[in-house]
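Order of writing sets the chain letters: A, B and C. Residues in each chain are counted from 1.
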Amino acid sequence: MNGQKPKLAVHKFSSCDGCQLALLNLGETLLQLPELVEIVHFAEAGPNAPDATVDIALVEGSISTPEDVHRIRMVREKSRVLVTIGACATAGGLQALANFADRDAWMSAIYPNPELIDTLRTSSAISGHVRVDCELHGCPVSSRQVVSALRELLNGVMPREETQPVCVECKRRGVICTLVSKGEPCMGPVTLSGCGALCPAAGRGCYGCYGPAERVNDPSLSNRFVDLGLDRQASARRFHFIANQAPAFKAAGSRLKDESHE
Amino acid sequence: MNLQTQQAVSRRPGFLARDALQTLFTVLSQSGYRVFGPMVRDGAIQFDTLTAADQLPSGILNDQKPGHYRLEQTDNPRVFGWNHGPQALKPLCFAPRDELWSEQSGPLRFSQSQPDVEPTAVIGVRACDLAALAIQDRHFLTDPDPDPYYRQRRESLLLIGVDCAQSASTCFCASTGDGPALDDRYDIGMAELDEGFLLWQGSEKGRAVTDQLDLQIASDDQLAAMVQATSQAASDQSRSLPDSDELMLLYKRLEHAHWQQVAERCLSCGNCTAVCPTCFCYETTHEMALDGKTAKMIRQWDSCFSATHSSMGQFQVRSTTKQRYRQWLTHKLAGWQSQQGRIGCTGCGRCIVWCPVGIDLTVETVAVLEEGSLDV
Amino acid sequence: MFDPHVPHVAVIDQRVQESPTIFTLRLQYTDTRVQDAFEFDPGQFNMVTLFGVGEIAISIVNDPLDSHFFDHTIRVVGRVSEGMSRLQPGDRVGIRGPFGRGWPMEQIKGRDVLLVTGGLGCAPLVSVIRYLMRRREDYGRIMILQGVKHADDLIWKEQYDVWAEERDVRVLLAADVATQSWRGQQGMVTELIGQLPLRSQRTVALLCGPELMMMAAVANLREKGMQDGDIWFSMERNMQCGIGQCGHCQIGPKMVCRDGPVFCYDELADFFGAKGF
């Protein structure tokens, strides 16, 4: 990055664009960004040069088509540091729920000409296809985390990784535990922090969009969910939700589904 | 007259009728204090700034069980008929998030940050939390490196304690020797009766306030009722911890099989450490402004259940939940004895209540102390 | 108000690349009053801040008599140390310290000193070696056992040669993986203990390195008849505050950053080697 401003690209794969919107919603901070980096590709915001060689690539979305597979390899080759942003890119996203379903049956039920649709049989995280240097989780990603990660990369160091569960942020903010005080099932104890305890602060349980925290004791938490009136099928859906392809959540949900059939 | 009643009499409490409680608030605010006290918010007792006595949680009772906390509204006029919420004094002195200093580049320089502090009267503090504060004081204020941020916050407090006239099912302060009656670590002591309050000074700072109140002489019946209430609350407690000497044996049980049994239930979420009024672990982290010219050193509550708590580079000393729970419990009940001469638990029971899966340290401790199979 | 949390600014005077992943910074406080007041014992450490990135604990490797500067030898193990590896002379860092309890240099005067180190564990002990060499008449025989995983990992090769020339000093090197040019032994450093003519009653052992290495060393030293009270070691833990406050570095009731990092074996015997403690 000698002298010149580092180049930044924002790429989109299978996703709703919500994480890019989270960046656009940065407001004043976004206006500061061009002073620090040259934004060469960010189609949602204007600049369009998907093939450009860059220092930092932010990648939104999951891999769900053959074209995605090809394109992400190209992005990897052209990027010195590749950062995935959001639940689709880091854990397959909501669209990966179809991985658990009969895809052909769904396709023919929904589309008049399913043969025109060219998709893979699964939706998967970017890290399953190319080397990823840093992952920023969440649905959508926290813009504060993106900014802080960019700052660290500009400093020449890798961004600090979160490992703690949402509970830690709840307690620091003085948010009252919904599970203990209302008996409402909450994924906070097994979900990675970084959101700032957004949902519990609004009085509802965490739904796990950041994916697994460092430790996931799903048997214990799901036993508690059962005590609170959630059956195993419903508990399984708490894990098989937005971060359903994250290995710990994927395994937990599948185990609960199996148990509910026993 | 028994010993407790003698002690109660020797404090020379005065009586303040229930409908005169606002005068306490008025005197405090005229004396320059922000009044900080309990209120009901989001289904729990929470401490925040109060402007009038009628904001106190009147008629509120608490139902506390492992992993379970509910409040109940009754017609009872009492305002201190509950025991506690998830926090009380800890966040006031040991802030969940604090800016220690800021730094600027070109050329590099550091400047100390000042905490935002104002004189604060905290009303409704329980004996267990005052005992816990004394433990935190010893941790943060002991030479040679007393913590300036903690100190400024701590010195801004006027503590108005209140006797617990009831125990939650998770309370065990009687067994740790920290409650339910106030000991001596407050500026003003209070006890609630049906018809009003008994108040007494605990320090010169407190006396400056009580002297301004129009207190009546407490009757013998009122004094007896005060003593009776706390001794009843103590005898209602069903949980307890073994005595301090026995707890030191925890260090001889590091390989006990029961640690693994707890780990099968424990979520390693750190809630127990966050609600514990004595837990003091914190992490420090730099936050840099996007322009790269300034940064702040932030310290925030950490937990021995975190992965990063014991990490050195890529290596974690305590990588399993079993090791982390063992660290927490042995430190709390044994290590603290070597560090401070007493256990690090004051029997508030919050770790039991706010554990999402209701792990009960009084039960686990006894299980580990029992001679058992070794985990090999 | 004195604040143990706020660093002082220090400027990098020299930078030496010791190996592909190890470098040494020679530092000086920009405030001469701070530099003049800076005193430390071998084995103590500083908290070093890289602007905006983080703060890490690094032991001080020079001699306490070097009053105009202090040296830190740093291995790249994480994001902060990696960032620091790019610092150049003239760059500035923040320094808090010195912290902790160092080696018992006064207490062991007149004794034979055996130093057993593994890997970059040598850094906290190099200050001791320099200390001993400068005060050679105050101590008995000196035995330096240095182990590395791979022969290429050994830094300060020339220094070991120089030390080996001194009167009553023995230097034995061991590498788990030796190369053709390796002049030391192949194998574990702790195996070297057996080869020494140890006067167990007159010797104190100072250990530094991975805990497993130190545990093996303790076993070998006891076999040689050494007493627990004569075995000292430097512990490594996650250290953030340096003043026994943040809680990360605890081993049993001890705060490593304040009560250590140097401990006598009998102080920690109950916990030494307890996995995950």
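What we mean here is this: a contact is a pair of C-beta atoms (placed from the backbone, for glycine too) under 8 Å apart; a residue touches a chain by one contact, two chains touch by 3 or more.
The structure displayed is predicted, hence computed values, not measured ones.
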item	value
Graph class of chain-chain contacts, one of line, ring, star, complete, other	complete
Most distant chain from chain A by Cα centroid	C
Chain nearest the overall C-alpha centroid of the shown protein atoms	B
Pair sharing more residue contacts (C-beta pairs) when A-C is set against B-C	B-C
Chain centre separation (chain A, chain B; CA means) in Å	37
Chain centre separation in whole Å, for chain C relative to chain A (CA means)	43
Length of the line joining the C-alpha centres of chain B and chain C, rounded to whole Å	40
Multi-chain contact residues (two or more partners), chain B	285, 288, 292, 308
For chain A, residues that touch 2 or more chains besides their own	151-152, 155, 160
Residues of chain C engaged with two or more neighbouring chains	52-54
Chain A contact footprint on chain B (complex, rising order)	41-44, 46, 67-70, 85-87, 91, 96-97, 264-271, 274-275, 285, 287-292, 300-301, 303, 306-308, 321, 353-357
Partner chain C, residues of chain B touching it in the complex	100-101, 103, 105, 107-112, 139-140, 145, 147-148, 251, 254, 280-286, 288, 292, 295, 297, 299, 302, 304, 308-314, 317-320, 322-323, 326-327, 330-331, 334-339
Contact set on chain C toward chain B in their complex	1-9, 49, 51-55, 77-78, 92-94, 236-238, 240-241, 243-248, 250, 252-253, 270-271, 274-277
Complex contact set, residues of chain C against chain A	52-54, 79-80, 82-83, 86
Chain C-touching residues of chain A, taken from the complex the two chains share	151-152, 155-158, 160
